[in-house]
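I'd like to ask some things about the structure below.
Which chain is which? They are A, B and C, in the order written, and residues in each are numbered from 1.
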Amino acid sequence: MRLAGRDPILEVERVELRFGGVKALSQVSFSVPEGSITAVIGPNGAGKTSLFNTISGFYRPQAGTIRFAGETLDGVAAPERAARGLARTFQNIALFRGMTVLDNIKLGRHAHMRTNLLDALVYWGRARREEMELRAEVEERIIDFLEIQHIRHAAVGTLAYGLQKRVELARALAMRPRILMLDEPVAGMNREETEDMARFILDVKEEWGTTILMVEHDMGMVMDISDHVVVLNFGQVIASGEPRAVQSDEAVIAAYLGAGDVGEIARRIRADAA
Amino acid sequence: MRIGTLKTSYAADEALFDTALQRGLLVALLVAAVVFPFVASPYWLFLACLCAINVASATGLNLLTGYTGLVSLGQAAFMSVGAYTVAVLEIRLGTPFALNLLIGAGLAAAIGILVGIPSLRVKGLYLAIATIAASVILHFLFSHWTLTGEARGLSMPPARLFGIAIDQPFSLYWLIMPVTMLMVLGAANLLRTRIGRAFIAVRDRDISAEVLGIPLLRTKLTSFAISSFYAGLAGGLWAYFFRVVTPESFPLDNSIFYLAAIIVGGMGTILGGILGAVFMTLVPELLKFGANWLTPIYPDALSALAPVRTIVFGALIVGFLIFEPRGLVEIWVRIRRFFHLWPFRT
Amino acid sequence: MDALFLAEVMLAGIGSGALYALTGVAFVLIYKATRVVNLAIGEILMLGGYAFLGFAAGLGLPAIAALVLAVVTGGLLGWLVERSLIRPMLGESPISVFMVTIGLGSILVGLVQLGWGADPLRLPEFMPATPVFIGDAYLAPKVAVGFVAAAVVIAAFLALFRFSRSGVALKATAGDQGAAYSVGIDVPRVFSAAWILACATAAGAGVLVGAIGGISPTMGVFGLSVLVVVIIGGLDSIAGALVGGLLIGLVEALAGAFLGGEYKLVVTFTLLLLLLMVRPYGLFGTHEIERL
C-alpha cells in the first residue's frame, strides 16, 4: 500500500539541535505521511533519539519548526503535545517501577481524563466512571490485543525485557496516539519476539489507523514493514524515500560502512565538540 | 488457606478491599472503633485521638513524599497554619468548627502550593531545605504577629456542636476519628485515579512523565496542595484537641517525626502511613510505662525518660532504614503471607 | 550610623562566619566523597564540645590535651558512623541516607542529655583574654582565636586537597566513583577517610563554638545555619562553603545587631529561599544534565 498522496501528519522543517558544541541535528527536514509507517535509521549517535526527544518536546531546538496535524508545535509543552496525540516509547525502557503493568498502561491516558482532585478524593461520579471506562478499554482493546493478560497485575520490574517493551507499547497505545513514535522497538529481542512486535506494529496501523514513526537498527524489519525511510548521519538527513531505493543509495551505504566501529564515531564526534 | 481470588468484574477488581478477608478485617476494625470510646479510659481515648491526628498528617505527607517523591520537612509548619487559623477564627469570629477546619486546611494548602513552586527547579535535599526555610519563616511570623498572640500563642474555646462543647476525650474522639478516617479513605481513593498514577510517575521517573502527558509542575503542586491540606486539617484538629496553640507547638522536630513515621511504617503505602504514625505515637508512651515500672529498681528511670525517648526515636529511624527499609508494612505482609499458606508451609 | 559599631559587628560576623565555613567544609568533604548529606553535622559538632568538657573538666586534663582528644573522638565517631550506618546504605536513595543522618543526630542529642543533662554548660576557660583591636574596632578574643584556628585548618585542608595523593583520590572519587575504582583507588578507604576527617573537624569546631557561646544539647541548631551555608555555596564546592560561611556569618551578625537576635535565622533562610529561586544549585554547585 503506497500512501505518497496523503497529507503529512508530521512535518519537521530545518530543525537544528546543539548540545554545547555537539550538533545533534542540523537542518533536519522530512515529513511523515498520515497512515504510513516511517522509519528513521542511521548509525549509532546519528541523532535519532535526539530527533524523537525534540519532536516530543523534551528538547527545545535552536532553530526550525515542527508541525503536527497542520499546527505548529513551537512553544507547545511536552504534556500538551502528548495530549494532541503524540505518543512514544523509549529506547531505554521508561516504565514506572513502582506500578503494576495495568497502572503503567492506564497512566498513558492521563492527558485525556478529566478527573480532578475533588472527584478523586470521593471516587464517585466522574472519577469512578472514567476509571471504569478506562479499565474496560485497556482490557479489551490493549491488553487482549498485545496478549499480556497474564501479567496485568505484575510489577513491571519483574518482567523480561521483551515484555517490558510490549508494556511500553501498550502504554503508548493508551495515550490515544495519532502518531506513535517507537524508539528501537525490537532492540535486544530474539527472532520470535521481533516477529511478534512487527506484527503488532502492522496491526496497530491497520486496525487503529495510527501513523507510525520508528527508529530501528534491524534492517530486515525496517525493509519489511516500512513505507518510507529517512536516513540520518551525524545529525543530517542524507537520504529519504522508499525502503528499496534508500537501501541502494550510495551515501547510505558509505555511512553504514564508515560506521564499522560505532564507538569510534561517537568518540570522534565528542572530540570534535571539545 | 486462600486460593487465587477470581475476579468477576473490573469494578470488583478495582475495589479498595478486594478480598473477603480484607473486608472482614475492615468491618471488625470499624466495630472496634465504635465500641472503643465506651470501654476505654480517658487516657486511652486521649492517645487514640493523638494517634488519629498524627495518622491524618502522616497520610498527607505520605502522598507528597512517599508517592510523589518530594521530601518535605515542613509538615509541622503546615499544621501550624491550620491550627492558628482555627484558633483565630474560633476566638475572633466564633464560626462553626467545620468551617474553621476547612478554612485552616485551605489556607495551609495555599501556602503549601507557594512552598511547592520551587520544586520544579530544585530537587531532593534542596527542596527539603526550602521547606525548612518556609517553616522558619512561618515560625517567625506566628511568634511576632499580634493576631497570633506572638510568643504567648493563643488559648481558644472548644468546638461546639448544637451548643454542646466538645472538650472531653470522649466527644473529641467522635470529632477526630471520623475526620481522620475520611481523610485516609480520600487518600486511598485518590491513589486509584489518574492523579495518584501521576504522583507515582513523577516519583519514579520525573523526566519521562512529561512526554507521557503529565505536567510536572501541576502534578507537584497538586501533591503539595493535598499534602498541606491534610496537614492543615490535622493541625486544626490538634488545635481543638489541645486548645492552646503556641509557636513552639509545631517545631521542626515534629516535621521530622512525620517523616520518620512514614519511613518506619512504609513509604508509599497508605497502610504504612497509618501503622507508622500510630507506632511512633505510642512508643514514647510505652517508654513511659517502662520507666514507671523500672522506678522501684532504678529510681532515676523517670529523669532518663526524655533522653531515652530521643535516642529510641533516632534509633528507630536508623534501624528501619537499614534493616527494614520498607517498614512495618513489609512485616505485616510477611505475617499475612505466612498465614495464607499456613497449613502448607512450616 | 556609627561606623565603628558597624565595623565591630562585621568583625564579629566574619569571626563566626569562619566557624560556619569550617563546619561547612567538613560537610562538603563528606558530600563530595560519598554523596551523603550529613544532617548530623551540627550534632557531631555538639558532641565535640561535650567531649572537650568531659576531658578537660571531667578528667581534669590540660586544655590542649582535651582539645586533641575531642578531635580524636570526633574522628572515631566518623569512622564508626561510616562503617556501621552509612556503608550499609550504599546504593539506597539519597533521601534514605539523609534520614539516617537525621536519626543519628537524634541519637547523639539523647546520649549527650543522658550524660550531661539538658541544661546549657560553660566550657572551662582556655583561651587568652587580652582584648583584640583591629584599628579601633574591638574583637572578642575568643572570636579572634576561633577565626585564626578556622583559617589555619581550612588552609591546611586546601593544601591537602591540592598537593597530596589523598587529595587526588578524593577528587577522583568525587568526580566518578566507578572510574576511581577502575584506576585502582581504594574508594571505601576514601569514604572512611572523608568521614573521619570531616567529623574530627566538626568536633574541633564544636570546641571553638562551645568556648565562645557555651554548650547545650540544642547547639546542634548550629548545623541548621551550616546547612544554609552549604546550600548557598553549592553542596559540592569547598570555595562555596568558604564564601557562604563568611556571608552567612556577616548576615547573621548584621541582622542580630540591627534587627534583633530572633531575626538571624529568618533572615538567612529568606535569603536562602530567594537564592534557590534564582540559582537552584547554589552559587558554585554543579548540577547534572538529564537525559531520556
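The working rule: a contact is a pair of C-beta atoms (placed from the backbone, for glycine too) under 8 Å apart; a residue touches a chain by one contact, two chains touch by 3 or more.
All values reported here derive from a predicted model rather than from experimental measurement.
Chain B has the Cα centre that lies closest to the mean of all protein Cα atoms in view. A centroid comparison over C-alpha atoms places C as the chain most distant from chain A.
Chain B has its Cα centroid 41 Å from the Cα centroid of chain A.
For the pair chain B and chain C, the distance between C-alpha centroids works out to 33 Å. One simple way to say how far apart two chains are is to compare their mean CA positions; for chain A and chain C this gives 49 Å. Residue positions of chain B touching 2 or more other chains, listed in rising order: 207-208, 211.
Each of residues 292 in chain C touches at least two other chains.
In chain A, the positions touching at least two other chains are 58, 90, 94. Chain B contributes residues 10-11, 13-14, 186-187, 189-190, 192-198, 200-201, 203-205, 207-208, 210-215, 222, 225-226, 268 to its touches with chain A in the complex. Contact residues on chain B toward chain C in their complex (touch as defined above): 65, 71, 118, 121-122, 124-126, 128-130, 132-134, 136-137, 139-140, 143-144, 207-208, 211, 256, 259-260, 263, 304, 306-318, 321-322, 325. Put simply, chain C touches chain B in their complex at residues 37, 85, 88-89, 92, 94-96, 98-100, 102-111, 113-114, 118, 224, 227-228, 231, 235, 262-263, 265-266, 269-270, 272-273, 276-277, 280-281, 290, 292. The touching residues of chain A, when paired with chain B in their complex, are 56-58, 77-79, 81-83, 88, 90, 94, 96-99, 103, 106-113, 115, 117, 119-123, 127, 130-132, 135-136, 139, 171, 175.
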